[in-house]
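Order of writing sets the labels: A, B, C, D, E and F. Residues in every chain begin at 1.
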Amino acid sequence: MTTQFEPLDSGAVPRYAGIPTFMRLPQAEPAEVDIALLGIPYDGGATNRVGTRHGPREIRNQSSLMRRVHHVSGLSPYDRARIADCGDVPVDPMDLMRTLDLISAHYAGVKAAGALPLTAGGDHLVTLPILRGLAADGPVGLIQFDAHSDTYDSFFGGSRYNHGTPFRRAIEEGLIDPKRFVQIGLRGAISDASNYDFAKACGIRMIFIEEFTERGVAEIMAEARALVGDLPTYVTFDIDGIDPSQAPGTGTPEIGGFSTREAQLLVRKLEGLNLIGADVVEVAPPLDPSGLTALTGATIMFELLCVLAGVVASKGGK
Amino acid sequence: MTTQFEPLDSGAVPRYAGIPTFMRLPQAEPAEVDIALLGIPYDGGATNRVGTRHGPREIRNQSSLMRRVHHVSGLSPYDRARIADCGDVPVDPMDLMRTLDLISAHYAGVKAAGALPLTAGGDHLVTLPILRGLAADGPVGLIQFDAHSDTYDSFFGGSRYNHGTPFRRAIEEGLIDPKRFVQIGLRGAISDASNYDFAKACGIRMIFIEEFTERGVAEIMAEARALVGDLPTYVTFDIDGIDPSQAPGTGTPEIGGFSTREAQLLVRKLEGLNLIGADVVEVAPPLDPSGLTALTGATIMFELLCVLAGVVASKGGK
Amino acid sequence: MTTQFEPLDSGAVPRYAGIPTFMRLPQAEPAEVDIALLGIPYDGGATNRVGTRHGPREIRNQSSLMRRVHHVSGLSPYDRARIADCGDVPVDPMDLMRTLDLISAHYAGVKAAGALPLTAGGDHLVTLPILRGLAADGPVGLIQFDAHSDTYDSFFGGSRYNHGTPFRRAIEEGLIDPKRFVQIGLRGAISDASNYDFAKACGIRMIFIEEFTERGVAEIMAEARALVGDLPTYVTFDIDGIDPSQAPGTGTPEIGGFSTREAQLLVRKLEGLNLIGADVVEVAPPLDPSGLTALTGATIMFELLCVLAGVVASKGGK
Amino acid sequence: MTTQFEPLDSGAVPRYAGIPTFMRLPQAEPAEVDIALLGIPYDGGATNRVGTRHGPREIRNQSSLMRRVHHVSGLSPYDRARIADCGDVPVDPMDLMRTLDLISAHYAGVKAAGALPLTAGGDHLVTLPILRGLAADGPVGLIQFDAHSDTYDSFFGGSRYNHGTPFRRAIEEGLIDPKRFVQIGLRGAISDASNYDFAKACGIRMIFIEEFTERGVAEIMAEARALVGDLPTYVTFDIDGIDPSQAPGTGTPEIGGFSTREAQLLVRKLEGLNLIGADVVEVAPPLDPSGLTALTGATIMFELLCVLAGVVASKGGK
Amino acid sequence: MTTQFEPLDSGAVPRYAGIPTFMRLPQAEPAEVDIALLGIPYDGGATNRVGTRHGPREIRNQSSLMRRVHHVSGLSPYDRARIADCGDVPVDPMDLMRTLDLISAHYAGVKAAGALPLTAGGDHLVTLPILRGLAADGPVGLIQFDAHSDTYDSFFGGSRYNHGTPFRRAIEEGLIDPKRFVQIGLRGAISDASNYDFAKACGIRMIFIEEFTERGVAEIMAEARALVGDLPTYVTFDIDGIDPSQAPGTGTPEIGGFSTREAQLLVRKLEGLNLIGADVVEVAPPLDPSGLTALTGATIMFELLCVLAGVVASKGGK
Amino acid sequence: MTTQFEPLDSGAVPRYAGIPTFMRLPQAEPAEVDIALLGIPYDGGATNRVGTRHGPREIRNQSSLMRRVHHVSGLSPYDRARIADCGDVPVDPMDLMRTLDLISAHYAGVKAAGALPLTAGGDHLVTLPILRGLAADGPVGLIQFDAHSDTYDSFFGGSRYNHGTPFRRAIEEGLIDPKRFVQIGLRGAISDASNYDFAKACGIRMIFIEEFTERGVAEIMAEARALVGDLPTYVTFDIDGIDPSQAPGTGTPEIGGFSTREAQLLVRKLEGLNLIGADVVEVAPPLDPSGLTALTGATIMFELLCVLAGVVASKGGK
């Protein structure tokens, strides 16, 4: 498949030159492409340290270092699908509930346009309205790479919509099938022993880092793949799933996480699933003096892009 | 006057030792003191870059470098008034309107307790609920050191309460007497030529940095003092009034601001006014790699403290 | 004059959202506008510390903080001229002489398209090929704000084209009229007592920081304006003219420079001159941990833009 | 067991709010608690790069991110023991020998009060006076996680008390039983081939990182547990045992260290030992631009706290 | 063997004192020593982000933390060979081709003087002229630790000499025997599927990080050793072979690399090979805020030094 | 006068190349030169934040940016005097009293060798043993640029030798004539109203920043020159005299200090005095992320060097 949606050629234009779009791709509308790269510059869902509103811009900046062809598969996503930077989703930094509506409407539009969305957050709350936009007609499966379960009920005596609660809300709203929901990389102390009760009661498969360390990537992902099966599934990658030495710039770091080498292997094992979209969230540039977190985020995004391009290729494109 | 509210003696306990309270003071309740040092860890009013929620903690940290006796006056505020760290004001990071109510109630309590509040923000929106707490019985005068007028009407098609609007709201609510309101240090481009219309129509005295540069500290402050007169007056110091070389860690920096040497002289010229409280806002530690902004903020806070201690002394203490 | 070339409205789209173009303007071709904002991501002319190749991108990033209407004039450049981000100029990081040709050809094209170029460098060598593109038909006047004269002959036993030599080359090539050439802000030790001989012999008016400090902005700029007169004149602003406290991120910092307040006043005094273009060079983001240098560069660029918009307005636009 | 010594509830007070005590706990005296969290802001024992005097304060700051319930055990230390921030130990930055006496007297007091001390250093010399305070009535066992043996004899021709010598002194003084002393994670070149002679002669069990890498956590810790047995044992964790990618802010970094995932598993294997106290030392905030080292230190401190709470629980509390 | 070429004694002169030479060694000429430590402060070969021109100075600075005796072998290189800091190689930052000639001439001189060179770069292009200087009389073997193959043909339509091409040039010039050339640690996407064609066609043994992860250090290095055999072999260590969490300061970082623990084991497995020199390249201090990359580089250099000292010892010294 | 003591030619060897000595000068012994550049890597006198032990090395590093000929005088110090880097003075980081003796003996040697010492500290305590070495035969005059008087009596209940006390000790020891002692730039709150009593009683002329701001450089320095007269005088420049925006990396920063432009003018007004040496102290690189403080320190050192070269020239050299 030939396509006009190619990254700038780094053999002609240096990587640091030009206005930074995701992967140095052209800008386009979702209707023009198979995969829409999107940013959600919003961190109003953060209960602690903020800064992920700057995530999309800095991930774009670091994504200039990405190249075309995956070194393991030998395939270029740009040969398999039409892909572009579809810009940032509208948000209202002063109004959380309005922002949720703006985001869900936008993703409903992306879905209607026939594009698979690959998103750079933003805090993890943004996955809730993404799912509202994508899963309006029935619950989907979810594979979540994360240090935290994000299935709290509320904070501060009333906040039900924040980055600690999106997946409880999504289950309550029928957006996720909890039997097809797996969380990988959980760790870190919790505020109360009951914090995991909801997740356990729902049947979410929670895989803690200790279990991951013992069983390894292959076994864990085989289980995850079996669990979500062939039905539509969304993937969400919280950058704090990765160890803070490789992703320090995030609001709620937990030591003892995935190495990036593990993270890359994990994502590659998503190949062939029936994915409807993916995101990378919680990259907070003001907490990232060396830029490494955004680089890690951009590379995970490229790995996810390769997987999504496989989905497009398997369906014959638009 | 002797008092038990003394900073830790740096000749006995090194400045880097111990749990950092404001000025290394004891912790106490407002009712126990003449001047209450307070933090408001809230930046939900920011329309652009965030991080001032970390301001109170880092200003406390840097305030360990402050000493007791002002080198110009030869006076120690701790000899003239009972002063303590009264902790952080309750906030709800997920609910702006509730936070405004929490803050205003808290400051009404401080006022009722008979203490003068000196606050470390937080974004500039926090001055609105402070004024609600302090000026419930009639408008007060205001001296504002700032790069921005903060008298916008709204943002994002509906946000009427953010750090660009507090003083328009305060005038509308009858908290500030616009004829006794002076803004010093304004500069920077504006979004629309009409941005200053409200301020001008109200009669706010707007002093731009260019006028300040020409006329000098003495002349400007003589005018400001005459304008607010002997009636109750509040002082708000936005750290972005100071040049970003000396206060880089702030969300909306504007080059060409006050030097700190000028800023100190400006604050000292408040001596003798009928002040009811003061604040230092918009210090954003995540944007402040060297810590200089918090140090500058802590020092301005100390200068304001000396002035407020003079107010207490002139009234004979509690 | 109404125009479709407006910055994104920050009251609708937050300043940190979206793909960062200069001043959050649309992208366009020079032929569509009166003033073309351009980046030259090249630092192959640096003899010492490098990094200005990243200048255009980071100045674009920080320029998101710029607003529309100048607070002193009350005018918006976007009301007076069509202005857009015209992208980065092609460069070859591995071939200096080819890069000079690429740049000069590009600026000849901008000139032919009828647009005034306002450029973000890049090291100071880039001003040479800009002048080749703009002054092919006869020497122009030059106002240079800079710590260094940049009129060396050569380095390393043969390098005649580097950021220490552009203005000697430009005079030799007949691009600058040395009698209409003024340098403001010079300071710092020199390598050899003969370093200024060429400049003196040519008749360049060299104004050192000590003279500037004594005589002040108004007097200095009156002389500079008289010197360049009504004939075509180019303006080059090396960020190291400004004090390194306000512009630390540059390859050859010299303490004791302009304050930004002075720098802004200096640029405003260019109003009404017959300017054919301007640049801001030597911003080196890798040496700028707080981003202040790029912010300063973006603001100086906005001040220059206001002046250039006046030129357009005085000529009735395109 | 119910206790009033609970961390602030992060569901009510945001983690960045308030004055930072260890784990956001109340302040109290050792006599009131089972486990006393203490800081020693002293780095006068450092022979090379300094800055650990700031360790306690920054570990307190980052410990705001800690939560209540360990995710593996499902237990909260605060349910099992009374725990508080008991402040910083008095030190004299200008007098090393006096500081040693101040520290040892303080820990003798903590012991007399019946509390187990958990300390944040400071450089590694502080463990010597801690042991003097705790082991006055006979040698104890020691488990040391560290890149360095710290059993040198002297530096600079006479300095016998510095962070390279504490464990030789402690053995000489009869504070440690060298047969019940194990060092884990040793690595890095040494100054002289004889550097390990004393440790070998004493019978200290030295486990280098290469042996650790081959044998793994379970086997190593089984041996360490057998070695110290049921008798009283102290644990000292030098943050430089961890790899500098995860703990860069330390004075003597050595590449190739423990991952934090390994470190957490190592500490958890201390469960059930007869521990009399523990420390985390050598966190140097000025060398830690991202704050990751202090976060790592705070988390290791939490892991140690959970183990110490088990000791308290097993003994029925105070 | 006794030698006057000893590092400063850190038990007498603190590590932060004095003028920083490599390993705190004396300065000398190559003819006086067995192993010459050299810097090449040149990054004119970089196609993307620059800064490695500062590598030699900052590696020297961090090498002050290195000690004398390897903790695994128990041997000191300074007991086995005469080693000194032989300064920086002459370069011309404005003339790439001249710089290649300057470097190759210098290394021919080092070889003629009978010293083994151990070099701190600079970008990876510098290995080409090093090989020209060392392999003039016939191709050598090469062991390359690197994320990238560096066997591109050209960039920017004509640049044949840059840090993406050195090993293609070296093969074309007969400096390397491609059958005795192994690359270890390759990873990261590539610009075009054909990028590895040349390397494959030549017979370079390319070991990707995935294969390395599966097979482990021992097996990989056994194969590498067998491949290069007893014939003269050069070793080049690109710091980006190591994971960017441990070496963030480099121009082309790729996540998922070697841990330093693996890297140290890899280098130690070079023991006994017939090495003619080695280098550590691509350390870029301006991109390394914590200094960790230079520390990692200095430590890898020390590991290589120990191996080279073994070569000298096996040959009986000069 | 011709001399072999010339800085490396930056037109031949790039400024970032080579082993960093002060001003890129040769290394030599004091007896070989007229002016000895020395480092004292010691901060054991600091009562608060440390790190100046790294000052000499980082000032050397940044001094690579210095050039040869002063731009105001047109003179090169290297034409007027033999100048070299004479290395670091021996210190014992673990023994303050021994270090004082090591330093004073060293400076007595420098004096005996007939060289004028120009020193980079270290904390301000180092000036005391320097004066012991230089003023053994009678008190000298002192011009001190500083935010602090440093005439405290003691700290921590017994420390009489620290960076807050050197000038009280020097007066007590008869090293300084208090009638010929002027302090310029004092500011910042003090710990007790009595802090300045000793200085006042002795007759030290204390010039606070407020007086300096009003009277200006020329008038202040005229008074200072008259006060010290023609007799031997030492100059000490504490970098914290300069504003922390231009010198953030120091242990006790005070806002509102000298600008560097003022500082340069101040130092130049020392021309013609009978100077016996000078120092620049309190540069703390770990607190200086951008390196600006060391650059400022290196430039002030160059200004002092020019003045000292004038002293040498006026006496006809050695």
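One rule holds for everything that comes next: a contact is a pair of C-beta atoms (placed from the backbone, for glycine too) under 8 Å apart; a residue touches a chain by one contact, two chains touch by 3 or more.
Keep in mind the model is a prediction, meaning the values are calculated, not measured.
**Q** Name the pair in B-F, A-B or D-F that forms the same interface as C-F; by residue number, over half of the contact pairs must coincide.
**A** Interface equivalent to C-F, from the options B-F, A-B or D-F: B-F.
**Q** By the contact definition above, name the pair with the higher C-beta contact count: A-D or B-D.
**A** A-D
**Q** From the C-alpha centre of chain B to that of chain E, how far is it in Å?
**A** That pair's centroid distance is 56 Å.
**Q** Using mean CA coordinates as chain centres, what's the chain C-chain E distance in Å?
**A** Their C-alpha centroids are separated by 40 Å.
**Q** How many Å are there between the centre of chain A and the centre of chain E, using C-alpha atoms for each centre?
**A** That gives a centre separation of 38 Å.
**Q** For chain E, what residues touch not just one other chain but two or more?
**A** Each of 14, 16, 47, 49, 53-54, 93, 155-157, 243, 245-246, 259, 287, 289-290 in chain E touches at least two other chains.
**Q** Once you draw an edge for every pair of touching chains, what topology comes out, line, ring, star, complete or other?
**A** Looks like something else, not a line, ring, star or complete graph.
**Q** Pairs of chains that touch, anyone?
**A** All chain pairs meeting the touch criterion are A-B, A-C, A-D, A-E, B-C, B-D, B-F, C-E, C-F, D-E, D-F, E-F.
**Q** For chain C, which residues are in contact with chain F within the complex?
**A** Contacts found on chain C: 47-49, 154-157, 186-193, 195, 208-210, 213, 243-246, 248-249, 252-257, 287-290.
**Q** Please give the residue numbers of chain E that touch chain F in the complex, ascending.
**A** The contact residues of chain E facing chain F are 13-14, 16-21, 27, 39, 41, 53-54, 56-57, 60-61, 85, 87-88, 90-91, 93, 289.
**Q** With touch defined as at the start, can you tell me which chain E residues reach chain C in the complex?
**A** 43, 46-47, 49-51, 53-54, 92-96, 98, 155-159, 161-162, 286-287, 289
**Q** Okay, in this complex, where on chain E does chain D touch?
**A** 9-12, 14-16, 65-72, 74, 76, 243, 245-246, 259-261, 263-264, 289-292, 295-296, 299, 302
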